[in-house]
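Chain lettering (A, B, C, D and E) follows the sequence in which the chains are written, and residue indices restart at 1 in each chain.
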Amino acid sequence: MPEQPEVSIRNLSKSFDGIEVLRDVDLEVKSGEVVSILGSSGSGKSTLLRCINWLETPDRGEIRINGERIGLQDKTQKPMSRRELAKVRTQLGMVFQSFNLWPHLNVLRNVTEALIYVQGLKKSDAVERAMAFLHKVGMAEKAASYPATLSGGQKQRVAIARALAMQPKVMLFDEPTSALDPELVGEVLSVMKDLSSEGYTMIIVTHEMDFARNVSDQVVFLEKGIIIEKSAPEIFFHSPRSERVRRFLELDKVV
Amino acid sequence: MPEQPEVSIRNLSKSFDGIEVLRDVDLEVKSGEVVSILGSSGSGKSTLLRCINWLETPDRGEIRINGERIGLQDKTQKPMSRRELAKVRTQLGMVFQSFNLWPHLNVLRNVTEALIYVQGLKKSDAVERAMAFLHKVGMAEKAASYPATLSGGQKQRVAIARALAMQPKVMLFDEPTSALDPELVGEVLSVMKDLSSEGYTMIIVTHEMDFARNVSDQVVFLEKGIIIEKSAPEIFFHSPRSERVRRFLELDKVV
Amino acid sequence: MSNWEILWASRDVFWQGFGNTLTIFSISAVLSFLLGSLLLFSMEGVRPRLKIPLRIFIDAMRMLPFLILAYLFYYGLPSVGIRMTAWQAGVLALVLYHGAYFAEILRGSRITLSSGQEEAAIAQGFSRPTMFLRIILPQLVLRTRGVMGNQLIILLKDTAFLVIITVRELTAAANSLSSTYFIPMEAFIVVIGFYWMISLALEQGIRFLGRIGEKRGFNNA
Amino acid sequence: DLPEVEERGYLRVATEDNYAPFNFMSGNDPDGFIADVLVELEAYADFEIRQEILPWTGLLAAVSNGQYDAAITGASVSDERLRVFNYAPPFASAQHFYIKRADDDSINSIADLDGKTVGVQAGSVLLSRLPELEAMLEESGGSLGTVMEYEAYPEIYADLANGRLDYVINSAVPVNDLINERGDIFAAGQAVSGPGFVAWPVPKNSPELLTYLTDFMAHLRDSGRLKELQEVWFGESFDDLPTTPITSVAEFHEMAGM
Amino acid sequence: MDGNAWGLLLQGAWTTAWISGVSILLGVFLGLVVALLRLAKIPFLDQLLGAYISLARATPLVTLILFIFLSGPTLGINLNRSTAAIMALTLNTTAFNAEIWRSAFNNFSKEQREAAMAVGMTPWVYFRRIMLPQTVITSLPNLVNEMSFLVKGSPAIAVIGIVDLTRVTNRISAVTYDPLPPILAAGALYMAMIGLLVWGQRIAERKANRLAM
């Protein structure tokens, strides 16, 4: 019996206002694997990520987390209740492209909120765990600040700490390092590497080629909602099958 | 008589809640020059940029655009009226880290609004110019869309077009390419290169080393609100004076 | 006796009226805020079928004069066998009526809340009620504080309508004193003084919310 | 005062619109006892009468404030109002009677009111003269029950009809009118106070106008028109009313036997 | 109730409608002006307007109307009744609307303002082109709430002798001793008037739902 994939996406399609943004996307991510998703702006990367945890309802297709169907009841094909959805989602962590911090809560409480009210941790345990992750991203001394007073990179780091602190099985990152300086990219990366060695599965949308090259087990290239390349990073970056990817990579070098 | 600098910053200091975020910053930018500002997250880069067009009021210091004082009346040291401020600001264009598009206006009108109501262009001229810049950033076919339906990179490109269309003397960019894929980074870059050859002066906050290396005439490194290195890119990237910068650059290579 | 002396001699009547007004107001304010929040939450679509009836209820309350509502509860319901005391009918009418308004105020702010924050909460596995209570409602309260102030003051003044259903609150006290002794101006100055005191206290509370909001970047003007 | 009025050429009077049978509206026109009296006054006076219709709430305030020269309405005389107003000679009795539900057999005399719930208008003369009823009840070994105060009579009648109240107190004229209209539901009982009067309030600083109105009342009485109008509108004539103006509490108490 | 009574009710409804309508228009506009003046934080004027809002919100309408009507002649101004009524309603609703506008401006996105400043918009252009179009929509539920309170509070104007809808109801029930039918009829008319406003709000909201970002 082959190993069951942690995340399996089959035949996923999604359109907005009649325009197809994702078309028949298939993807399997094994446990502990890190997958990078590349593609030009507007190619559907964020949409794909948002479909995985059903923030966006796909038009067609099937998504399973650990064999468990998300979004639709397996037998009846009826939509899941929100409670059921929430349960499946606790296995998925997500860092958003636009951070989405909660402005009325300070940095610490942005991280502890879900620990306390979703995972049911005691307050002191939640604070302890939150501080540990805030340390990891270098935001411990801003624990009492409110989001409105943070710099872009600081917000992003808090958003990362918030998602990591939930310790989900699968982490979805939407450009997690876009607002970070090289030093922090390195730090966040090492946190993510730790996670992957701890058995976390990760799907990462990114524009940073080096990042994708060094961390991923699989690189996926999206173009107008279609996966046109899906391979190991050695192959992807050195001998891509598609002309399109070759052009994409070349441009990167020129910059 | 030495050439008058386009932007001159003297002794600029700014603190938030008693914590000094900028300390005695001095910077001169000559006409047509491109200055990159590097530094780790939270070092005060965005704050410096925001002080330059007085979106943030500095505690001390003096800023001149083309010899003209911004923020304070030259003679009386009294704060400028908002109308006077608006006038000086027309010389400055700014692209924000968080895009800041106006949600009630579609892409085209986001660009034309200031052309019509600040520069007083006729509507047809404004539309023509706006479309030209939207073309440059590859957003012409989304002209009728509303910001809420755009992807992160698309929003950023509109924000860039909006600032460029005003054809200001000095452009301030806060991480203009952080949400862009390499292809677009290339495109935006070439737009910016064009601008610099057209005589625009630019101050760019960025995390992309290559970008800074290839485009700038001057690279500035901020650390905890102090400029600790300010030099030509060849010197900055090959033989920086400060140990701190060397460490910063090394980390970049590791990634 | 001068008019002011007459009023001073009847201060007990005023104090009692003031006490009643304050009690009715506090109970109704708390309950109608809770009702408003509950209405908003129920309209968020846990059961889509609830949405339209609730919408109709809210709009009906906004269209119906409060006096008529109070009148129907107190004088109309006995004819179908439901008999409430004046206080029960008064508080119930205030709560239903202003609850609908609170719901509309919160809803107005709700639709401008960035959906990203909600998504972040959903992605973290928050249940709907918890998310509403911990993420959404606190922000709505901070954002609508000015309008809430309006609403609370209107609620305060609406308690005066309960004179018609025999609740002896502040306005009733003034009415009866002024028509007994015919000292309208002085009696009403005293009443306005009392109402103003309560609304100044409310404004103070709103200002306190404002300071909380300011620290969190909710005050941008 | 009167000289001013004559100089001006018209008298400004305030009347009401929802106090049948004194003042009410037939369509857009004032009707009732007062409307007919005003016709007489118009004929009697050598100045014009300008009538303004106000609700009771603001009416006395506007008169005492000088916006109007007199309130030509059905106002009951009371100690407190006499501080601010004089009254022209009364034209109707304001003796108080109780009203009960027509089908309520438990009340047949004043003694039966013992301990029962009574409704009465807040701040009214009726309320201030309740002690008289209390004294009557105590005489028969009973006591006054709960007193519920209302803003207006329509609500009081509604609560009497639906059983929240056992009886209601109102003065002679409105009681007659109510029984006329809704005799099927309500029934009138005995008097629960000494005599009372309905008259026109005139500001204390207009003594000449008071004299003028006193003369006018005498003219009405002598011509027999007053009796006619009383019978038309009140269903009875009040023949033993005082014929002098009421200007002080002492006078009033003496007339009312208080 | 006969046809005659209905005729009277409709006349009363028209009085209520036009006086409320004028006051609503004035109040929304003046509220905006007051809110803007308060945002400018001009010393003294700011405190003055703050005190006005505080007092005007706390004063019952009846008292305000009586006060204006009765003190007018003392101050040598002879107000006709409708003017006095409109003045009182406007003074009252302006205070509430000012807070509604102010709240909307306070909640308005800081980022959008900065983007406008950065392209050199003057405060006025920013206000007119960026802020107002969005705050009109976001304040609409609250403005319509306040309009509904104004219409419902308008019976207070009867105290100075204006024959509005409620007054007509009282007149009718004073004769018939049966208040319920005219009250219900008047209630229906009030609901129709306010319903029109609520309906307008829904339409406008549907057109502008893209503002949610």
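Following the convention adopted for this analysis, contacts are C-beta pairs under 8 Å (C-beta built on N, C-alpha and C of every residue); 3 or more make two chains touch, one makes a residue touch a chain.
Please read these numbers as outputs of a predicted model, since none were measured by experiment.
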{"item": "Chains touching both chain B and chain D", "value": "E"}
{"item": "Touch-network distance, chain C to chain D, counted in steps", "value": "1"}
{"item": "B-E compared against C-E, more contacting pairs", "value": "C-E"}
{"item": "Rounded Å distance between chain B and chain C, as computed from the means of their C-alpha atoms", "value": "49"}
{"item": "Mean-CA-position distance for chain E and chain B (Å)", "value": "45"}
{"item": "Approximate Å spacing (C-alpha centroids) for the pair chain C, chain E", "value": "18"}
{"item": "Averaged-CA centre spacing for the pair chain E and chain D, given as whole angstrom", "value": "38"}
{"item": "Per-residue multi-chain contacts in chain C, two or more chains", "value": "114, 184, 217-218"}
{"item": "Multi-chain contact residues (two or more partners), chain E", "value": "66, 211-213"}
{"item": "Overlap residues in chain D, where contacts from two or more other chains coincide", "value": "61, 158"}
{"item": "Interchain pairs in contact, sorted by label", "value": "A-B, A-C, B-E, C-D, C-E, D-E"}
{"item": "Chain D residues touching chain C - in the complex, by the definition given at the top", "value": "60-61, 64, 78, 80-81, 83-85, 122-124, 127-128, 148-152, 155, 158-159, 162-164"}
{"item": "Chain E residues touching chain B - in the complex, by the definition given at the top", "value": "111-112, 114-123, 125, 129-130, 133-134, 137, 208, 210-213"}
{"item": "Chain B residues touching chain E - in the complex, by the definition given at the top", "value": "50, 53, 55, 82-83, 85-87, 89-90, 92-94, 96, 98, 100-104, 113-114, 117-118, 146-148, 159, 162-163, 166"}
{"item": "Residue ranges of chain D touching chain E (in the complex, touch as defined)", "value": "17-20, 24-25, 27-28, 52-55, 57-58, 61-62, 65-67, 154, 157-158, 178, 181-182"}
{"item": "Chain A partner contacts - residues on chain B that touch it in the complex", "value": "16-17, 38-42, 45-47, 97-98, 149, 151-154, 157, 174-175, 178-186, 189, 207-211, 214, 248, 251-252, 254-255"}
